[in-house]
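In the two complexes below, chain A is the common chain; its partner is chain B in one and chain C in the other.
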Partner chain A sequence: MKSVRAVVFNAYCWVVYGFLLAPIAVVVLASFNSGAFLTFPPQGLSLRWYYVFFDNEVFWRAIRTSLWVAAVATVISGAVGTAAAIFQVRYAGRGKEAVRMAMLAPLLLPEVLTAIALLFFVYGLGIGTKGMVGLLAGHLLVTLPFVFMNVAASLESFEPDWDLAARSLGAGRWARFRRVMLPMIKPGVIGGCLFAFIISFDTFTMSFLLKSVGTATLPIQLYDYLRTNFTPEAAAVSSFSVILTLVVVVVSEKLLGLKIRRF
Partner chain B sequence: MTRRAAPLLLILPAALVLTVFLLIPYFNIVLMSVRMPGNGVPYAPGWTLGNFAKFFADPFYLEQLGNTLWIGAVTTLACLVIGYPVALQLARGSGALRGLRYGIVLTPLLVGIVIRSYGWTILLGNNGVINRSLVGWGLIEAPLPLMYNGLGIIIALTHVLLPFMILPIMGAIQGIDPALELAARSLGAGRNTAFRRVVVPLSLPGIQAGCILVFVLAISAYVTPALIGGLRVKTAAVSVVDALIDSFQWPFGSAMALILAVIGGGVVLGFARATRMAWVRRR
Partner chain C sequence: MTEVSLRQLTKQFGSFRAVDGISLEIGHGAFVSLLGPSGCGKTTTLKLIAGFEAVDGGAILFDGADVARLPAERRDIGMVFQNYALFPHLTVGGNLAFGLEMRKRPREEIARRTAEVLEMVQLQGLAGRYPRELSGGQQQRVALARALVIEPRILLLDEPLANLDAKLRDEMRFFIRDLQKRVGITTIYVTHDQSEALTMSDQVVVMFGGRIAQIGAPEDIYDRPASRAVADFVGRVNVIDARVTAAAAGGFQVATELGAFGLAGTAQPGQTLALALRPEAIGLTAGGDATVIAAAYSGGLVDYRVRTAQGRVLDVQAFPVPRFAVGDAVRLDVAAERLWPLA
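Presenting the complex of A and B:
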């Protein structure tokens, strides 16, 4: 009797895992279609649409924009988020919970509302969406909480005694940070930055509302393309993006032994 | 510089970013919501509460708000029912497959929204995989309307929000001492009773956190309803963006956004209060 229950329970869970994977799996499978239209299951397998995509300058420009925006956003939120996490864990005292809530606010507030608020803001400043200020600010806001959470989590296991020991041995503030604290919290910093990069690379709402002419990121370009085209090229582009994300996650898990925290 | 002030430098950049790019823009939205609607321009000089009155006087917007809250509630319930067993398995399971399972749970968060919606179009569309299979097997005559309606939105939202339900519940269950369940069993409780009377009540904080997260994210979601709901079914968040971006009604759109935020927050507070009372009484 017990085993029947276990089998049913397991089967149920695997159905849920199937549900979670389904929409992504069909896109990847559809990308190997050899026909001119998106049919499922694919009519014959080929890499035809990957070649079309690799020759399409429009998507490459979008990928370059995405990588650039994600890199800038990651570097800035990496620095700002790490500093804030150190403050929150070590120095905030009674304000600890308040600082945490403030740092997580961009995650808790509706992204679309934040994007609209930023849009008004850049128009109010008179710069509109001409430059990339609004776009970068939006990406900075969506990535900041992830760096903060990951670094704060790794700091919780940092013993203040280590810092004191270094201090009693005569290390200055900067040396203590670089030689003692940073090596200990490195997994959190790298994990947070990787996650920030992925989030920025994939985010749609911020880019959609704050983009300017010529700054379409990959999700925006894909969205525009899908409104008028139904060829499997979009599936090839999507699969490429999924694989890129997967590589980042797997490499960070396997090589660096990181646990990426989403919360 | 004094020793005391130095740590403040650490929080200064973050405080600046949050003040300039979050606090001031949100304050601006509040101001915008009481400005006069403009004609041809985003807003006119002067102040009014008319934007809020316009919303509450129009049955169209009220019905839409009701629909949005309903979609949020159904999505939350679906996530709870679908996600709880998975959270239990992840919390209690071990072995090589655990990492894989955990990875699968995170996939909706790691894959961009456009790609996910594209996948749902391939699956749920009138010519999609599901409808063609069902027609092909002779189970149905005409394609079922799975997309461009509330059902499609609920399916897609449940998919992307499941991790937000599973992870907090998993955390709560991991925090339960397995000895408690064993104690219940040794006192004569069956497997079901021990689960119902020990594990479920102790995982309630996780359930509460998960439900609040999923509900808030569901009612404020914009891209999923916009892409999956099509033009016919609009949630309140989609209407807000329409008003602001397409028809350029900045004051009214801002008022709508605030109303949605306040009502959403109210529902969450009410829920938090009601559930806390429910499990205090239980003890």
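Presenting the complex of A and C:
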């Protein structure tokens, strides 16, 4: 027989999950609304607003921009964050704590402030927000800490003797990284990159301040849309973005394998 | 086979001199142990030879060529670590192939060498296992195989038996020594365990405080220790005060509280000496003026603690027959040839 404590704990867990997932469920259900306004519960079921969304080139352009920015941000923070984590754990010595704080600083400061500071910075440099450079820099700032944290955590269980053993067997720096360290920190690298991708795909503040005129990432486009319209098309777009993110996570987990330590 | 020589090797960590001017010659195919308490610099010396630490002074010669500035990956050494340091993401076969792949050997040669070495360490058929699926002793043998498969110039072992249980440790001593003889590789073995050093080595190097206290064959180290510190560290020892009473060519007489003895060597009459006497060099017979004050039975031998009539406490190790109990009166028979004057 289950104790009262276990029943209460179970119920508590369900409440927490419900609290977290209910808004998403509401959005998804609202997207099948056949009415003209975004309401819940939906008035009748139809795919009407999905057809509208699929024909709306504005949203597709925003999705392509978001995917592109997220992909580039993920690749760069994957490489830089991994390198930074290796330096921090294995070589920083006394500066270890300082390096960690510096890498995590973007998480500790309000994103708006970081974005505004970056905006001044890119204009100060004369780059401005014409191209994608400012936007990418902003996205890198918010994604880097996640790669860094994940890789640093997986490096803690990396035994220095493995590296020495590889050296004694004749492996140079690159071979030691590629054949010994990378396979062992792989779960951290992939986990960090997934985080980076999702964060970049979702971030609003950075994109809002640093995007160039005329381009928009998906969250920006959605925000723009909702300022003037209140149709279930917004819910359809949101549901699609949720599914896209899920697909990215599931596919990379299947393809790259978070659990198995083999490349 | 490679000849190794260390010349005035030093290594400093901050203000701490871990290795303080070590010079050592190791012949072709010799098995040399670095023996000492923790912090004596033996592991640092090994790391200097391996190239894992940069030398601060002195030279490391492999067959006369200085390798002290060469990175570890180009020194051609085989190394066995205390925790084995097997790559957990590779199978036994993958671990063994690693060094050969780094040397860009052809696939067939890698397969052949790997199989040969696995047989050499009696692990045929385990190539497909992962290290975590092996016992401690098997992991140990994989570590040895991985170090040897690349046919290194020298083999370095850093306390490789420390993590094994007692019975396996004894087996592995013979296994490693036998393997080393068959391969004929120059080997440097770091340990803090005196019995490992004595049973396995051609030469034992006793180290204290970053310096060499004594170099010699196991018999030299045990029976003819250079100092009281060496005698103490390598097994148990009784130290007895002696006064030289007479000297002649090739020998001298001493008087001690255990009686008068003739010793080989030179000394001045009137000189005082400290003599080392191992516990097993004292025999016990019933009836005498010494008293057994403690006895510990350990299977093959019994460790006694005996108080002499003069009040001196001595360690004695003897066979269990005849057996003495605490309080028994015993006579001490000292094997004069086992008395050794300490410097």
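Convention: the second predicted complex is superposed on the first by the 231 of 263 C-alpha atoms of A that agree within 3 Å, B and C clash if a C-alpha of one lies under 4 Å from a C-alpha of the other, contacts with A are read in each partner's own complex, and residues count from 1 in each chain.
Note that in this section a contact is a pair of C-beta atoms (placed from the backbone, for glycine too) under 8 Å apart; a residue touches a chain by one contact, two chains touch by 3 or more.
The structure presented is a predicted model; accordingly, all values stated were derived computationally and were not measured.
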| item | value |
| --- | --- |
| Which of chain B and chain C A:Phe120 touches, first, second, both or neither | first |
| Touched partner set for A:Leu45, first chain B, second chain C, both or neither | neither |
| Partner chain(s) touched by A:Met101 [first = chain B, second = chain C, both, neither] | neither |
| Comparing the two partners chain B and chain C, which touches a greater set of residues in chain A | B |
| First (chain B), second (chain C), both or neither touched by A:Val75 | neither |
| Partner chain(s) touched by A:Pro23 [first = chain B, second = chain C, both, neither] | first |
| Partner chain(s) touched by A:Val7 [first = chain B, second = chain C, both, neither] | neither |
| Touching partner for A:Ala235 - first (chain B), second (chain C), both, neither | first |
| Chain B versus chain C as contact partner of A:Ser168, first or second or both or neither | second |
| Shared chain A surface residues [contacts with chain B and with chain C] | 262 |
| Residue ranges of chain C touching chain A (in the complex, touch as defined) | 50-52, 71-74, 76-79, 81, 83, 85-89, 98-99, 102-103, 146-147, 150, 156 |
| Footprint of chain C on chain A - complex, ascending | 159, 161-162, 164-172, 175, 179-180, 183-184, 261-262 |
| Residues on chain B engaged by chain A in the complex (per definition of touch) | 6-11, 13-14, 17-18, 21-22, 24-26, 28-29, 32, 82-83, 85-86, 89, 101, 103-120, 122-123, 128-129, 159, 162-163, 167-168, 191, 216, 220, 222-223, 237, 240-241, 244-245, 250, 253-254, 257, 261 |
| List of chain A residues in touch with chain B within their complex | 2, 5, 9-10, 12-13, 16-17, 19-27, 30, 38, 40, 79-81, 83-84, 86-88, 90-92, 99, 102-103, 105-106, 108-114, 116-121, 124, 137-138, 140-141, 144, 148, 173, 198, 201-205, 208-209, 218-219, 222-223, 226, 234-235, 238, 241-242, 245-246, 249, 262-263 |
